[in-house]
Amino acid sequence: MSVSVRAIELNTSPHFKAATSTDAIMLNVVYALIPVCAFAVFTFGLSAFLLILTAPLACVLTEHFFCRIAGKESTVGDYSALITGILLALTLPPSLPLWMAAVGGFVSIALGKTLFGGLGQNPFNPALVGRAFLQAAFPVAITTWSPALWPSVWSTDRFSHVLLPTLSLPFMKAETAAGYIHPLSVDGFSGATPLTMMKFEHVNTSFSSLFFGMTPGSTGETSAFLILLCGAYLMYRKMMDWRIPVGVISSAFLLSALFYALAPDKYPPPFFTLCSGGMMLGAVFMASDMVGSPFTPRGVWIYATLIGAVTVTIRVLGGLPEGIMYAILLGNAMTPLINLYTQPRVYGTHRELRNK
Amino acid sequence: MSQTSLLFIFIDSFIINNIVLMVFLGICPFLGVSGKLDTAFRMGVAVIFVLLVSSSMTYGLNLLLIKWHAEYLRIISYIVVIAATVQLVEMFIKKSSPGLFRALGIYLPLITTNCCVLGVAMFQTFREYNFAQSMVFSLGSGMGFTLALVIMAGIREQLNLADVPSIAKGTGIALMVAGILSMAFMGFAGLGTL
Amino acid sequence: MWQFLGSGARKTFSHGVHPPESKELTQAKAIRRLPFAPEFIIPLSQHTGAPSRPIVREGQEVVRGEPIAEAGGFVSVPMHSPVSGVVKKIGLARDVRGGMSPAIFVRQYPGASQEILYGTHVDVDTMTPAEIVKAVQNTGVVGLGGAAFPTHVKLAVPEGKNVDTIIVNGCECEPYLTTDHRVMLERAGDMYEGIRIVKRAMGAERVIIGVEHNKLDAVERLRQCKPANLDVTIEIVEAKYPQGAEKMLAKALLNREVPSGKLPIDVGVAVFNVATLSQIGELLPRKQGLIERVVTVSGPAVQHPGNYLMALGTPLRFVLEQVGFSKTDAQLILGGPMMGTTVGSLDVPVTKGVTGILAFPRGDSRLARDEKVYACIKCGSCVQACPIHLNPSTLGLLARKQEFDTMVESFHLMDCFECGCCSYVCPSNIPLVQHFRVAKSVVRDRKASAS
Amino acid sequence: MTADVQQAVPPVKVDSGNSLHMVGVMTGVGTICGLLIVVVYQLTLPAIQHNQATIVRESVFEVIPKAQSQAILAVDDSGTLTQLESPEGTLPKLFAGYSHSGELLGVAIEGSGRGYADVIRVLYTYSPEKKAIIGFKVLDCRETPGLGDKIIADAAFQENFKELDVKLNAAGDAPANAVVTVKHGTKALPWQIDAISGATISSKAVGRILNDGARRFVPLIEKNLDMITKAGTK
Amino acid sequence: MNETKARSDDMNVLLNGLWKENPVFVQVLGMCPTLAITNSVKNALAMGLSVIFVLVMSNALVAMVRKIVPKQVRIATYILIIATFVTMVDYIIKAVSIPLYKALGAFIALIVVNCIILGRAEAFASKNTVWKSILDGFGMGIGFTFALLCLGSVRELLGSGTLLGVNVLGSSFEPWVIFLLPSGGFLTLGAWLLLFGFWRERKMRIKADKEATS
């Protein structure tokens, strides 16, 4: 038998590759976010659905547009812009005018990502850059909340009606606050999230409402349970660094437990801290974005602890009810420094060795 | 927390109303000397040092101006005193610690024309801080300046390895990063007031 | 503490990767001899160091085991004829990298018995260390673990240095390869003899054999036939790539780190591969030369995978014909999938450094090929894989911007030993090791042209 | 520098003549500068004083409805009041407003406190007749435009200060009820301030400023009511 | 002939500061006032006029004394001169309007250390005639004011929907508060620089294309 080989490939080692690739990781994050989105639509209705459509669309179009301008191949295929859009939508209040969500999507990608060179090169979490911009630009609209429409309101009206501000004309003022709840006529909604109630009235919310998401809040942040579940899937698939959520959550828990121990009537209990506001969504899906987080083993813990501690500090001592967004952006800002000062010691460069 | 307590003044000047990101003082060195982490850190230390010395000098000077009813000479005398202080500090360091001079020397003259030194002196005068408050205020401002500068330098060093579009290279991208940092620092607003 | 929980207190180093092992294809297959090829190609530069100098003429008849080339210096070894036959020519032959390099071509006499007629018995116990070094050089043995570094050079401990521990490397951490495994099972006696010789030559106090925990039968066998008068410890280490690298092994077994830019000998350690030692133990007492070695032939495109004893110089084409290889579109790898090299021609011979021949059909899912390269997403997988604790992510970004000086000065580029763990894990498919190889060679060239 | 270049450049002489020249120039320039400053200072001084006085006067008239004349009273540490001619000095000041007929309409008090972004300075009126705060104006605030700065002009918020109860307790040393800011839409008692929704922090800051001021100055005003009433007739 | 040349020379000096060497957009100097007081057109205008005044006056005085000031005390003298005019502006603004003075805050005093002014004294006025120096000061001042207006108008328009306090975008326009905040200042200036960068690059590309075709 004679052997003939037509095409022999020349390649450099290693010739093996681990199976996960970047686009696969991103796609799995999208999968993991789908249940959270579905629950948001279930809770808040049609407006949430439109929001979760608009922001990602704006992100993807922006990314495509800038790739075309730069004459590069479009990079929307790596799904990262899609994630940015979905996460942005999940951090916005359900009743936010869609045009504002589109602005947020544009800012996320343009200012948060493309400007720095695209995927992987952005120092800050793009979705949070977009949200921080919206928060500073439209502070009233972004702190106007609508009630969770389950389990108290079972009417399916929410799937056929939008909240009034959702369809506000571009660049025009949102409909007035009074009209927010109008089409669904929910009684006794105070327009406050568990966090604002805690911060400004010292009213606690029941654990189960918080844990399973029966509270008003940003579109995707309400159900701590679901977020943990979806995060666990990603961690199981080794597509997410478990140390970051664990670090953020435990440092937030410890610090708020300390405050609570000092003055239980003034400060929220630690479980409230963990399950309210954007803590879970931020810790699990946003702090864990590897692009803006350190990659050294010690650095990861420092980063996560910093985020947890800053969040609790802002919530407890600061002027704002919520601080996770700012904490993550600050964590991102510190990342290059953290990386630099926690470089692992290179094999064979022990101090004793060097002295020899 | 009382707004005149030393701790509050420190936190306020350090992060809440960060002198660079919120008050807009010292932007030129913030943009100009933030290319390299090492340089940035040294510049920051030099500024803290000069701020402490110059604000104690201007504090005393202001007392004299008030006593002599010569407040109209405030700007001119402050800037002269600051320039002289920087000169003296430079000479003193050169004599006493050549190592430190080598590290900080070239930054000192630049600091004279850095508006955060005069700005801090002016603010402490307008806010009628006493001596301890003035010192804490200038320490907090100096550290806030250093913090912002060092963060910026870290990010810019990292961006050197990124594909920043050519039209944004340099000052453009630095300003955008500063804008995002400034948004991030907004989270501290109202700290200690509720 | 984590290690304790995770891997049952097996000794190892931190970081590294776990590629699928796929050793079950060949690990149970006893060593079998491959038939002699009609023609052999013996490159003069099969080892690290100076090429050997031919001592035969074209047309000269040679006997199996006869020296046909002498050492070209101290860091060099002689060559011996793998078959009885005639020197067809001395000229250029294709090498693995696709270039041409000098070699001796020997045509087999079809009817020859191929008995080894060469060699006499020598008494090792009466030899001085210097005589052993010379004798090892004469056997032509080089590192059979893959690097092909002349073994006698390692044995000659320089003045002022001292080797207290000899590590015998039985890790074989590369996927697919099972030659060391089989050698330990089938040639343990020769190996212990080799250990005795080497220990005497270097005056070492201690010998440790390190074997990965996926070869427990080999451990069992080594324990059984350990000579009573030889003080050897057998240690089980975790099966993890690159456990077999000498730096990692020294760390795992002795918790010693070879200082950056130095050799194991600087921390009193010498590392030898099990096959190297078994050859020394076999050849040196008989004053014979290295003419064959065990090679694992495996991979999905091979019909009869196994561990074959091959005469050095056997052309690849012949090997593949013998083991049954039918594909026309394939990737051939000499060595293991993590560190081996692909070959561009079937006329390349098996040399002293070849540990395995692997054949994969095109499109095999494990192969790194044609994958879309994304930007580095700073996931840190590479940082957590690099056994040297480098920062491949930043090194990769620096390489892209050609910042070679920063790579060397701030990020220890020169400590990278090209194990490939970083490339293996990178989800963005960035060819990190390739970048580092290029960078290192640029830096070396610059240094050379500067001095 | 090479040797011939060094020769080409004449060495700078640092003799006494040169430094005399230096001192001379500096003195000259200094004199000119000093002169310029003093001239401008003198020229602008009346206008500046006028501006400052006007601003204070007008603000006071704004917060004391229908007032026609006013008196400025400084409060020293011991709690005694002295009448001033112009609003200068560092002591806290009260501004009493009088009607055409010289009747005391209210006393304006200046207060300041930390808001969301920076210090908020306000002026508000205590009416001895109604025992309540009846006027309110923000002098200085750097609160977020669109949110916190609603405390300046928001009509609903201003409504709080039409008559905000600060009547004294039986002992007469402090208001009977502390002024507090409550969440938007929950004002129920006359001493509560209804917060602006979306600017709770700024609203609370205003409440705190008023409460601190009332605790300190309302008992003082009530004690010195005669003196204040008379000050208007001077 | 000679006269026209002189006139075009003057024009060059004047235009240099306005565009080619714009202190803010090109030289990146005087950043603090540029960012701090540009949240409305009115403030920008007041600051711009103040800087023009100080620049022209100090340039003139520096040029006058340039021949008699010894090298060692050059900088000290310049600072003295600049501080004088800044003090004058400080008082003039206070005399004109106290609210305006408050809006500009400490930044009037900080004109002293504005690198543009010392920079022009050092780089231009100390080497040129009084007339040229006045022109340079005026050009640079106008350039600075132009930059302030670029920022001020964008920030006021988007941040409050007004220009010079007049409602432009209608009452139902939702203002983008961020443009009035510090971060908006950074972002707006950054955006202008990006825009100029884009123009410059496009011009260069067109030029390169032309050269390639010819």
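Going by the order they are written in, the chains are A, B, C, D and E; count residues from 1 in each one.
Going forward, a contact is a pair of C-beta atoms (placed from the backbone, for glycine too) under 8 Å apart; a residue touches a chain by one contact, two chains touch by 3 or more.
Note that the coordinates shown come from a computational prediction; the quantities given were computed from them, not determined experimentally.
Minimum number of contact steps separating chain B from chain D: 1. The set of chains in contact with chain B as well as chain C comprises A. Path length between chain C and chain D in the touching-chain graph (shortest route): 2.
When chain centres are defined as mean Cα coordinates, C lies farthest from chain E. In terms of the distance between Cα centroids, chain A is separated most widely from C. Distance between chain A and chain B, defined via averaged C-alpha coordinates, is recorded as 34 Å. Averaged Cα coordinates give chain A a centre that lies 44 Å from the centre of chain D. Rounded to whole angstrom, the centroid-to-centroid distance between chain A and chain E, based on C-alpha atoms, equals 41 Å.
Our note on geometry: chain A versus chain C, Cα centroid distance of 49 Å, whole angstroms.
Of all residues in chain E, those that touch two or more other chains are 76, 80, 83-84, 87, 91, 177-178, 181, 183-184, 187. Residues of chain C in contact with at least two other chains: 375, 394. With touch defined as above, residues shared between interfaces to two or more other chains in chain A number as follows: 111, 117-118, 121, 133, 136, 139, 319. Pairs of chains in mutual contact: A-B, A-C, A-D, A-E, B-C, B-D, B-E, D-E.
Remark: chain A residues 139-140, 143-144, 177, 191, 200-201, 319 touch chain D in the complex.
Residues 37, 150-151, 154-155, 157-159, 162-165, 168, 173, 176-177, 179-181, 183-194 of chain B touch chain A in their complex.
Remark: chain C residues 375, 394, 397-398, 400-401 touch chain B in the complex.
Those residues of chain E lying in contact with chain A across their complex are 172-174, 176-179, 181, 183-184, 187. Chain contact summary for the complex, chain A toward chain B: residues 70, 111-112, 114-118, 121, 123-124, 129, 132-133, 136, 199, 310, 313-314, 317-320, 323, 325-327, 329-330, 333-337, 340.
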